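Labels for the chains are A, B, C and D, by order of writing; each one numbers its residues from 1.
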Amino acid sequence: MDRLAALKAMLLIRRFEVALDARPDHGFQLYSSGEEAVAVGVCAALEPGDQLLCSGRSIGPALARGIDPRLVMAELLGKAAGPSGGKGGRGHLAKPDQGFFGAHAVVAGNISIAAGAALAAQLEAKGGLVVCIFGDGACGAGALHETLNIAALWRLPLLLVCDNNGLSVSTPREAALAPAKLSDLAAPFGVTAATVDGMDVEAVHAQATEFAARARSGGGPAFLECLSQRFFSHSTATRETRSAETMRRVLDRCPIRLYADRLRLNGQLGDDDLTRIEREVDDLVAGAMAFADASPYPDPAEALRDVV
Amino acid sequence: MDRLAALKAMLLIRRFEVALDARPDHGFQLYSSGEEAVAVGVCAALEPGDQLLCSGRSIGPALARGIDPRLVMAELLGKAAGPSGGKGGRGHLAKPDQGFFGAHAVVAGNISIAAGAALAAQLEAKGGLVVCIFGDGACGAGALHETLNIAALWRLPLLLVCDNNGLSVSTPREAALAPAKLSDLAAPFGVTAATVDGMDVEAVHAQATEFAARARSGGGPAFLECLSQRFFSHSTATRETRSAETMRRVLDRCPIRLYADRLRLNGQLGDDDLTRIEREVDDLVAGAMAFADASPYPDPAEALRDVV
Amino acid sequence: MSSEAGAIKLFFREAIARAVREEMAADARVIVLGQDVGAFGGAYKEFHGLYDQFGASRVRDTPVAEAAMVGLGVGAAAAGYRPIVSITYMDFLMLGLDPLVNYAAKARFKTGGQVTAPVVVKTTAGAKGQGVAHSQCLEAWLMGVAGLVVVAPSNAADAYGLMKSALRHDGPVVFVDHKRLFPTAGEVPLAQTFTPIGQAVIRRPGEHVTIATHGYMVRVAGEAADRLAKAGVSCEIVDLRTLAPLDVATVAGSVARTRALVTLEEGQLACGVGAEVAFRVQEQVGAVRIARVGALPAPVSSNPVLEAAAIPDAARVMDAVRRVLDA
Amino acid sequence: MSSEAGAIKLFFREAIARAVREEMAADARVIVLGQDVGAFGGAYKEFHGLYDQFGASRVRDTPVAEAAMVGLGVGAAAAGYRPIVSITYMDFLMLGLDPLVNYAAKARFKTGGQVTAPVVVKTTAGAKGQGVAHSQCLEAWLMGVAGLVVVAPSNAADAYGLMKSALRHDGPVVFVDHKRLFPTAGEVPLAQTFTPIGQAVIRRPGEHVTIATHGYMVRVAGEAADRLAKAGVSCEIVDLRTLAPLDVATVAGSVARTRALVTLEEGQLACGVGAEVAFRVQEQVGAVRIARVGALPAPVSSNPVLEAAAIPDAARVMDAVRRVLDA
């Protein structure tokens, strides 16, 4: 993994969301801030031919997968220049020709679909891998069980990534899920699994890389749980339920700052580097916004196109 | 457990099915023969206030729960004297006022419903237990995962019994289910579990009794896998897929004969006892058939009764 | 805002909470299951206060597991309880259709009356910027399921009165509300009242055409009627309130006078509510001029332009009214 | 039995197997997923021989996990394959509606055409002694889902031709057959043929009344027509074949001549196929005499007496025909 690229990718997600949040016309949004290391660490383990699926919390995964921020911003703001012409919008971002199979806003709804894409990859036998990122909330759904079982039986090249931010809307993971670790869910099926610090992009990347290599070479599916933190409320339309004190503690452990500090300590990041990265990111975000602003809304006639 | 009663209960199931099978008007049926020890061992651990749910393979569970064979036969033959007036029929036997909440022919469809009944029992706080018997096939369904999780979180008085006869129609359990043992499925949720010899009625009973006591006293759900064998093809309308040689091996290990032999060896069953039991069972079966025969089919107007 | 005598102004969400609160107080068997229904009070605060009043044992947060949520509700109902299961959006009800349709709707029939399953599945239909998988109206599916009662209030009073009736009904009920209704407010009687299941109501009397509709679309119909009134066209609006069983008599009675019918629903037209209403009304009153209004035959995007294009608004209702009156 | 020139007599199940076999041979992306579809050959042997010919990699037995089965099929389709997912009975399709309706039916729209999901979900509807949760006809639900194609053959030739067309369609298709059709046989062309999606066919010409129906009920309509013919009543039978998109033109063309319509379906009437056909036909041809025939508004028991009472038979169709002709 290119360390500075990873740092930059995380910063891009963060600043992209800040810029989006400032827009009164964003409708409502689900942000990945705080969880950047999961998306970036996982995506750094992917190759161009791989496919990534994710949940409705999709800004981090889309950007980390390398989708042009201009396209992502246009789609999120409902503009015709989005890759889906603004029709998918939040929760349904997609750019499959660049390995981003897409987001799907039904919790756990994409887990079996990802397995289907993995089946296609297996049949195609080009070493392609499919990754599905979902939340802790999705782990209560039967889709996970059904998919783990079939993926194990068929040794599908599937990496299931649980971005466990400890909350499903207002419900703490402990109140919703009985297992001690969510990665324990894989064990009965003989699916290899691990739990890593999802605030540590290198830890995520290292484990994802190992699992990806294994799956690519026929070793079958894997389950990676990443312990992360959500920096904002569930969505911009949802009230925050955590106390101010909790929020202070949460925000105090920022995956971007943690990584920058570590790189600086190791002499891998100079002040110049950081300034450059910040400027590049700000340029990207400004460019994305300008691009989205320049694009019109779709023609109302699009409401009837691409249906059947 | 009253040993002779258990032996008799198993024999009743077997001979009931033989008699039913001889009827050209039975439509088609799913038999419990070979799996008598599971139903009888489990039901012997139940108390009157408990509730039993089962799958479409329901003759064994219904009779083992003590439902009058006359009622069961009438219902299976579609007669008005059945407890459901012949409207439920095969796959949907029910007599909840006697602790038989009922069969449900949707595979895995009753697992969460059983948990709901267990929730009711918990709220009622009278120490009632709910047991759900399902097949190995049901273990591939997400319903099991969702229910195990919630039952564990809420410590529901629920005993999940997997009657693992090694087949789902034609599909061997190994081809359909990745876990080494199906009872492993409970582990991630912290749900206590065991796998026992489902051909040994005492082994089933002992483990079921332990789990039942635990659940009754607030210890939460348990998962009991019973390794059994199906003596007939999936249903009377389904072709057998096992080879003649396999069938010989399967039929060679009869839970009734095994138990009778053991009891005889231990001096707990005399020849007289067996003769008496056989006679009683034959009387029950003959009485059941006569009762069913004496009952009319339901009035066609029943097609519109008890709908809403 | 002042209220009518004997009435109080409540938000739609408050009306639901009040109904549930009263029924929970009256009957210990009423419990609530759903995602974030506890301390959080529900996605639209429609369960606000219940957790504090009745505690975690009767107001239960569940995991995201719609199939088991409905299954648990149905099972507890069949065992004698009266659960409300909250399925946040109707799109997710698909995940719970097996226990609802294959078990609950058939339990009474298949057991010859031994078992009933008085569960209330409360769910939210309709579009409000949430996109293709969070905007659907699937009421019509449920109308085709024998054994289910389906209610769909259009205002706070009926949200209150239908929820109370639903919680006393001895079989499964699906209570369908709508995202755009939660911020609306309306007069609700101070005294406990029950909106009868199976009774439509004439929401606005009129002469020239009957608009039969339900849920949020009653408001859209009202807007269309207001605007048409200025052009001298008088619309009678029938609020169906219950979709199953359908109160055909009330609609037919209205159409017998107006001899013209516009059906209006937010969902898809094909095999929709309007198709059924149209057929059954004509069975009663003979051929009349009819038009259906519903969503375009396409998914509903979260995109503001495309969402607005897809779902019915007052202008489309007015067009339909003019079409039937010109016919 | 001798066959027409250029045709061969096949059982319904053989017709399906042949279509799948030809398409699998023509396109390596066609695969089969389902319970017991492998060596066992499917519940009705409708996949017989495919496992031997194409092997375990392309003909895959699955666990009993309808939700994931549909999800896998949909996902593989979105990734470029053309899976058939066999859902033994339509009742169990409920478990797989989320991936089918919330994803596959909307994939093309929501991605602006980037993704299509050419999956064929093959499932069996209808009553044949299997009881309340194994007898349902839910075609009408699917007709209300934009993005889905729904086909329902009534005979071997269309089972063959529609399956072939379904496997070439660039979006999700639900292929609905019927338990009682599997043991029937019919002429199927020797040459490869494709029954076009979206085209109904006049199965029997007649003068006095149009019976619009599909699937197994085409045979019931035929029986009624035979018996009515003896009484001098001439029925025209339109076999819808495709339910979505509905070929309204063919039905309307027939009704324009007969001026009388009986819709016939085995499923529930409320928001059913007949409601939609009736509305759309009258949009085209104006008011005509209409009756609907469908199941009683109740679950369908496995009980032979009650099942027969619940579902339409020739006698009920004849009654309906007489009713519209007397009207």
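Here is the rule we go by: contacts are C-beta pairs under 8 Å (C-beta built on N, C-alpha and C of every residue); 3 or more make two chains touch, one makes a residue touch a chain.
Note that the structure is predicted; figures quoted are calculated from it, not measured.
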(message) Applying the touch definition from the top, give me the chains sitting in contact with each of chain A and chain B.
(response) C, D
(message) Could you work out how far the Cα centre of chain C sits from that of chain D, in whole Å?
(response) 31
(request) Compute the distance, rounded to whole Å, between the mean C-alpha positions of chain A and chain D. (result) 40
(message) Quick check: how many Å separate the C-alpha centres of chain A and chain C?
(response) 36
(message) Two or more other chains touching the same residue: where does that happen in chain B?
(response) 86-88, 92, 104, 106, 109, 140-143, 146, 149-150, 153, 175-177, 302, 307
(message) Show the residues in chain D shared as contacts by 2 or more other chains, in ascending order.
(response) 62-63, 65, 67-68, 91-92, 98, 102-103, 109-110, 131-133, 146-147, 296-299, 301
(request) Examine which chains touch each other and state the graph shape they make (line, ring, star, complete, other). (result) complete
(request) Name, in rising order, each residue of chain C that touches chain B in their complex. (result) 31, 57, 60, 62-63, 65, 67-68, 70-81, 83, 98-99, 102-103, 108-115, 146-149, 171, 245
(request) Flag every residue of chain B that touches chain D in the complex, lowest number first. (result) 27-28, 78, 86-92, 104-109, 137-138, 140-142, 168-171, 175-177, 241, 297-298, 300-304, 307
(request) Using the touch definition up top, name the residues of chain A that touch chain D in the complex. (result) 51, 82-88, 92, 94-97, 101-102, 104, 106, 109-121, 123-124, 142-143, 146-147, 149-150, 153-154, 302, 305-308
(request) Using the touch definition up top, name the residues of chain B that touch chain A in the complex. (result) 140-146, 148-150, 152-153, 175-180, 184-185, 187-191
(request) Flag every residue of chain D that touches chain C in the complex, lowest number first. (result) 67, 91-92, 94-95, 97-98, 101-103, 105-106, 109-110, 131-133, 138, 140-141, 143-147, 244, 246, 267-276, 278-279, 282, 287, 290, 292, 296-299, 301
